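Chain naming follows the written order as A, B and C, and within any one chain the residues start at number 1.
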Amino acid sequence: MADELLLEARGLCKAFGGVRAVDGLCLHLARGEVRALIGPNGAGKTTLFNLLTGQLVCDNGLILFQGERISGLPPHRIWRKGISRTFQITAAFQSLSVLENVQVALLSRDRATHRMLATARRLGQEEAVRQLARVGLADQAERPCFVLSYGDLKRLELAVALANRPVLLLLDEPTAGMAPQERSALMALVSRIVAEEGLTVLFTEHDMDVVFAAAHRITVIHQGRTLAEGTPEAIRGNARVQEIYLGGGGG
Amino acid sequence: MTLLLLQFLTGLTNAMFLFLVASGLSLIFGVTRIINFAHGSFFMLGAYMAASLAAVLPGGAGGYYLGLLLASLAVALLGGLVELLLLRRIYRSAPLYQLLLTFALVLVMADAVRLFWGPENRLGPPPPGLSGSLPILDQQFPTYDLAILLLGPSVAAGLWWLLYRTRWGILIRAATADREMVGALGVKESWLFTGVFVLGSWLAGLAGALQMPRQALTTVLDSTVIAEAFVVVVVGGMGSPFGALLGAVLIGLLQAFGILWLPREFHMVIVFLLMAIVLIFRPWGLLGRPLQSDRGEGGWVPETSRWAGNPGWAAGGIALLLLLLPPLLPTFFVWLLVEILAFALFAASLQLLIGSGGMISFGHAAYFGLGAYGAALWMQQGGLPMPVAFLLGPLAALGAALIFGLFCVRLSGVYFAMLTLAFAQIAYAVVHQWYDLTGGDNGLLGVWPASALATPLRYYYLALLAGGIGLAFLGRVTDSPFGVTLRATRDHARRCEALGVNVRAHQLLAFSVAGLCAGLGGTIFVFLKGGAFPDYLGIPVSVESLAMVLLGGMQSLWGAPVGAALYLFLDTVITRSTGYWQAALGGILILLVLSFPRGVGGWLAGKTSREGSPDG
Amino acid sequence: MLRMRGKALAVVGAVLLLAAGLLVFWLAQRRVERSIRIGEINTYSGIAAGFTLPYRQAIEMALDEVNAAGGLLGRKVEVLFRDDNGNPADAIRHAQDLVANERVDLLAGTFLSNVGLAVSDFARQQKVLFVASEPLTEAITWSKGNQYTFRVRPNTHSQGRMLAERAARLPQKKWAVIGPNYEYGRRAWETFWERLKALKPEVQVVGEHWPTLSKIEPAGYVTALLAQQPEAIYVALFGSDWITFAREASKRGLFQRAALVGILLGEPEYMDPLKLEAPEGMLVTGYPWYDISTPAHEAFVANFQKRTGKPPVNGSLVGYVTSLSIFEALRKAKSTNTDRLIAALEGLTVQTPIGPITFRPFDHQSTMGAWVGSTKRDAARGVGIMVNWEYVPGEKVLPDEAEVNKLRQAGR
């Protein structure tokens, strides 16, 4: 199962002013794998995510998804092709209720976001509740989302990102800012859903315990390039990674 | 050749004044994020005080120039007091409420000047020693202008030194780049705000004082200067004083040479055309920097507030009253109700943009006015019967909103606001100058309801029907999938696009709906007033609609009609009872802003909003 | 919960207060039904504020005089002043209030042309008499004229034409113009130029400048004018624009290089703020109150000065003449009925401080004229004045009935 190529990025480059955030990066993801992306701060992880989702346009390079070129497409088209994401800093719609947050994603999937004469409350409510139930938020559906705890917000984000049954899920530091117990609970949830749905996951994470526990393979990037790639065991044993990343205070 | 050189020098001289005013505005915006409408009033006060002081201070030339300096310092002091006593009280509310407060100050100060110095035009005393002129080639160039050409760059150099070579300047720049950083540096934010307000006001007062010998003093000096100052700031890039210098020079020269080379129709909008072009190609101004932020332009977006739903019983009760009461009312109140309905719909359409969409328009009057002109033109030039013209009128507004919106939605925050302003001014200039079609500044007359609808009461019911449908439509839109999605784009545009939502397309749709409804408001209005005039598209009407939305509160669609009714009622009662209505209205607005920092609607809605605010 | 109740109380209280206010307001209307009421709408704030204050003072003077003499038709006369803020929509709201609420017997006033036209059209719609005092646009009595509207002041056409008659005697042939980018500016120039061209076909235009109203950047225009080297310049600038322009132009020597013709610029409103910087030898229309030595006019000046401490300006004269015209119409009509007032005003001759004027029955334009003369600095008074002036009555420059009919046809 791990052999079918799902996503391929070739020679990606992105510079801000004079700073090359991503510099000739290549990445291959196989369908069904859970891949961790690690690297020190400023290595280009978030920039890479933004390139993959179309929220940044690469200066150079090519991204293929399921054999189709997606680089250059706007983010909303890429999402429809099956790439969904969460954000490093939680990005819920603060003024909407928990339920409405999920509804927006469902409305978008059903191409109903432009409808002006229907009442939003009635649309896709049951399905939204089901989605919330999967992440354990069903009882909070009617609450305004700015009263949620941080951990619940992260779950909500997950529910929103999963709403359109994506093929590829990008998680940008899914457990950042959480207590250790909450982290493992959240990652367990992610692992369960991934297994149920056969999702492919690419995630970044600072907590190495989470990384080594959850990832099938790990890609290490440094200064916008791929430094190493391999199974957790191989990465753990890689001398250069040790030197630049693990040993270099990133820890 | 002589002409070009002199025109160049003339353009530069005017640029120096624009720079002084605009750099103050830019500094204040950069640090405090306040759009200070009262900046033009500070300029005017500087000019008037300089004229008085220069005339009375003894000591000849010394007294004269000391007078100019003292006037600018007095304005700086006033600016500091305004910040300390008024603005400081409402920093916790949405930035737009500070804007409403400065708008109220504009009204108060205009009347204060009229009361203190009298309404007649004045000419300040000529500057001793500099009142003559020097021969340049074969023409005369005023020595005072030469002095300004030297003084301007020295002020710019002084500003540069202050901003780049002092600790205070570093703090100002840090605050401009990132508000949170100031707190992190352990600086008392409030004193930085006061300081920058004093400095900015001083620059405005200085510009006014220095302009005094070159310009007649009138009570409308404030409005003549403020719009151009905003353009300069935006063209240069908000928060960048050197952008302001660049913008000022560009606009000064453009005006000087525009006189020579451009046809008359362009003169009144040339600066707004420039702003529109700059913003279309450089959405952050020439020297401004795009902000890498999920939340619009440097925090200058409305608070993300919980949307308070529709208070059903209250709306029903009011609807019943509106249906049954008017036959019992004196005619004037029926007319007044029609006006309130027109503005309620107009303000509610702006509410959709601001409250749901997070898009603050400074030029919403364009669509109101075009709805009015649309109906008038269908009837008069198109020869259509009045009811058909009434139905088709708003289409003109819809068309304009679609076209202008296409460009506007590419921008965000204050740049979006300024581009809407530029387009509104362009639309204003078109109806003002297209004499053959629109009647120019004399407007279109005789736009009255058809005879079957002509009695005030009958027209009222037509207005109620149209306005009611418009408001109900806006209410429906707000609660529709589109409305929810629109609020999602306001809360987090990037999250939205990563959910397959084409954010700009939705914003454009919202802009068009708002334009259409504003146009319907304008159509209702035009048959009430019997004519369409360029004033309907003017800046004052746009500002009034903002004031209505803010008075009502941004949390609910029903805030806007409440605000419109309150504003128009106050305006009507005050203007019919006192000649100093600007001071009275401004004073009441200040009190209202200080007492209801979330608008009257927000106060009524109570605890549904701000509590546990996400920005926290 | 308590907070909610407090709020509800506050709202109910506010509504009750409002209702009480409306009731008082409404009862107050009923109170003085006996006096004759004139609703006066004008631009008392903004760009015209400096012009309208002395105008209003003269109306108040006329009012006190007529009431001291026992009023009219055995009733007191009352004027309700309203500020339109230079805005037609506000003016209409005041007109609605005055007509429906205050039950005025007629409307009067306005300064800006578009406001005047808006109120005139409202008067037609509501069948109310409107005596336009200050607006200059020809349209108000001609192309957009209506049965209910009369106008007192000599319009742009009359004043432009008077100037053209005198300007045709000047030797200069190359002309330039500067005026506001408004209908007023354009018409002030067109009427002047048509007449001048007819009288003296060899004249030609070398430059036209139309700065935005109240936003003039004078230096650029002065430089451009100097470069075009006109022999004469026609100035139609309004209010503060003229004052700003005059100082800049004199610094740059423009006034030494070209003859000047200025519409309205001899009015004290325009001359006085310039003090001794007023250009000399400029051909202007205006109001030389200091030199008009009929007993009636001297009495008017003396009374006005006594009352306000300042000499009258052109607006004061217009305000006073407007008041006298309305009073005279009321006397003649012996009624406040609109139709009878209109009948009385048509062809009515009014004795004013500057002699008799007549409201022409076919276009409702008064024959009030203007003074044409040239400017000179008066060191003693410290301001510019008009010399070599003549009074040109309206009869001399107004078009006849046939021409007016043609204009009215075209305006339909």
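Keep this in mind: contacts are C-beta pairs under 8 Å (C-beta built on N, C-alpha and C of every residue); 3 or more make two chains touch, one makes a residue touch a chain.
Since the model is a prediction, treat every value here as computed from it, not as a measurement.
**Q** Please report the minimal path length, in steps, between chain A and chain C on the chain touch graph.
**A** 2
**Q** Tell me, please, which chain's centre (mean of its C-alpha atoms) is farthest from the centre of chain C?
**A** Ranked by distance of C-alpha centres from chain C, the top chain is A.
**Q** Which chain pair has the highest count of C-beta pairs that touch?
**A** Counting C-beta pairs in contact for each chain pair, the top pair is B-C.
**Q** Whole-Å distance, chain A centre to chain C centre, using C-alpha means?
**A** Going by mean C-alpha positions, chain A sits 72 Å from chain C.
**Q** Find the geometric centre of each of chain B and chain C from their Cα atoms only, then give the gap between the two centres in Å, rounded to an integer.
**A** Taking the mean C-alpha position of each chain, the two centres sit 31 Å apart.
**Q** Counting in whole Å, what is the centre-to-centre distance of chain A and chain B, each centre being its mean C-alpha position?
**A** Computed value for the inter-centroid distance: 42 Å.
**Q** Which of the residues in chain B end up touching chain A in this complex?
**A** Within the complex, chain B touches chain A at residues 294, 304-307, 476-477, 479-485, 487-488, 490-492, 494-503, 505-506, 509, 513, 612-614.
**Q** Could you please specify the touching residues of chain A with respect to chain B in the complex?
**A** My answer: residues 53, 55, 74-77, 79-80, 84-85, 87, 89, 91-96, 100-101, 103-105, 107-109, 112-121, 123, 144, 146-147, 160, 163-164.
**Q** With touch defined as at the start, can you tell me which chain C residues reach chain B in the complex?
**A** Of all residues in chain C, those touching chain B are 3-4, 7, 11, 26, 29, 44-47, 49-50, 52-53, 81-83, 85, 87-90, 92-94, 96-97, 100-101, 113-114, 117-118, 121-122, 125, 137, 139, 144, 181-183, 208-212, 214-215, 217, 219-221, 223-224, 226-227, 239-241, 243-244, 247-248, 251-253, 269, 273-275, 277.
**Q** Inside the complex, what are the residues of chain B that reach chain C?
**A** 2-3, 6-7, 10-11, 13-14, 110-111, 114, 118-123, 126, 131-133, 139-142, 144-145, 214-220, 224, 255-256, 259-260, 264, 267-268, 330-332, 335-336, 339, 433, 435, 440-443, 445-446, 448, 456, 525, 528-531, 533, 535-536, 540, 572, 575-576, 579, 581-582, 603-604, 606
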